[in-house]
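Shared between the two complexes below is chain A, which has chain B as its partner in the first and chain C in the second.
Let's turn to the complex of A and B:
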């Protein structure tokens, strides 16, 4: 992946030299041209086309922003409701993610969306303990975390 | 037009920070209060920062990278801080509020303790 980015930047610099123009705009055009070239030639490279991952990262960011807004609305409703009718609890969320890096990312994303706060890990790093402000249905919540964040993270890392 | 967007963002940020403060007062236990303190306030700070960035970009005409970095660092530090405070509170033995319906962590710790003793 790093090699491909380097290649892409190299192509952009060659483009700038050919155009005799060293402005950032020209660099961007060169970068896009290089990207297209890499995409066309992806079958002759021994590795995956790296931009697929970049798209997955962008998807993850947008998913996260969307969840952030939705969850904030939920918490606003809870805070402003006249009777504090909540059922807080700690839930063990199992995860299929393997490396420390991925689990950390998942825990941070869970923490950043309001209403849920990751509190602790099990020793083998396979379970995250999540404190939730309102647990009407435990299974539904675990499923939701699996379907949104975990899936998106897996797309990035594989 | 840009001024309207900036005003909306600043008002939103102020509103969210206010909600965070209300939440700190109203929630029953440490963990609930952490939710209010770390999350609503984070989004509040971020929307104010976004407004500052837009103001400098479109009205003063200055690109201010520092403000964008602030957003990144708030995003990086808020979950870590919340995680550490919640974890140390639990390890020190702060009780969950009596409204709580579930405590999987306690079960896990008890199980582990039994294994260690036997």
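Let's turn to the complex of A and C:
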């Protein structure tokens, strides 16, 4: 992946040298030309096209922003309701992510979403203990949300 | 083949440089030396380098272009550019150009010669590679 980015930047610099114009616009055009060439010959390099991961990262950011808005609305509902009929609890969320980096990212995304907070990891790093503000009616749903985060992270790093 | 290891490694980088140079030549054609023909030949040369340094079967999987359709598409594009000017009341293959204020790129001159050139480009790439590959695949 790093090699492809390096090659793409190199192609953009060669493009600027050919055009004898060292403006950011020319760099951008050269970068796009290199990107198209890399896409056309993507199966020629032994690993897959790197821009797919960039798209996956953008998708992950938008997914996170969307979840953030939804969770904030939920927390506002709880705070503003006159009766405090919530049932806080701690759930163990098993994760299929392998590297430490991925698990850390998943845990921080969970923490940044209001209402849920990742407290600790199991010893093997395969389970995250999540404290949630309102469990009984939501456990299945939260698991599903975490699965969507997990899936998006796996798309980036697989 | 262990002997062609160096060829493979260098081809992986050089092919991209040749292909980006061919794209540059294609766009330089209006005001500088270059254009559809030489750009197409350069692209064909870049792709040919892939065919020469790797075996035919691998590259067939990597570059799934059908060169016969490519020639037809290029011809249609070139003829279509000419026919458009006939519909607008001018002679066949009349060239139109204008300056446009595009986002990011700034003021750019866009002409109808560019799609015509693209047609030429596709025909040249298709003809060059199709003739070379037809000879290469001939076992008899």
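The rule is simple: the second predicted complex is superposed on the first by the 151 of 158 C-alpha atoms of A that agree within 3 Å, B and C clash if a C-alpha of one lies under 4 Å from a C-alpha of the other, contacts with A are read in each partner's own complex, and residues count from 1 in each chain.
Keep in mind that, in the parts below, a residue touches a chain if its C-beta (ideal position, glycine included) is under 8 Å from a C-beta of that chain, and two chains touch if they have at least 3 such contacts.
These figures come from a predicted structure and were not determined experimentally.
Using the contact criterion defined above for the overlaid structures, shared-chain residue A:31 touches neither chain B nor chain C, since it reaches no partner.
Of the two partner chains, chain B is the only one touched by A:90; chain C is not. Judged by the touch definition given at the top, the superposed model places A:119 against chain B, while chain C stays out of reach.
Contacts of A:149 after superposition on the shared chain: neither chain B nor chain C is touched. Applying the stated contact rule after C-alpha superposition, one finds that A:7 touches chain C and leaves chain B untouched.
Taking chain A as the reference, the larger set of touched residues comes from B, when chain B and chain C are compared.
When the shared chain is aligned, chain C comes close enough to touch A:44, but chain B does not.
Those residues of chain C that touch chain A in the complex are listed here as 12-13, 15-17, 19-21, 23-24, 50, 59, 61-63, 104-106.
Put simply, chain A touches chain C in their complex at residues 7, 11, 14-15, 18-19, 25, 28-30, 33-34, 37-38, 40-41, 43-45.
Those residues of chain A whose C-beta lies close enough to touch chain B in the complex are 68, 72, 75-76, 79-80, 84, 86-92, 107-109, 111-115, 117-120, 122-123, 127, 129, 131, 133, 135, 138. By the touch criterion stated above, chain B contacts chain A in their complex at residues 16, 19, 22-23, 26-29, 31-32, 34-36, 38-40, 42-43, 75, 78-80, 82-83, 86-87, 90, 96-97, 99-106, 108, 112.
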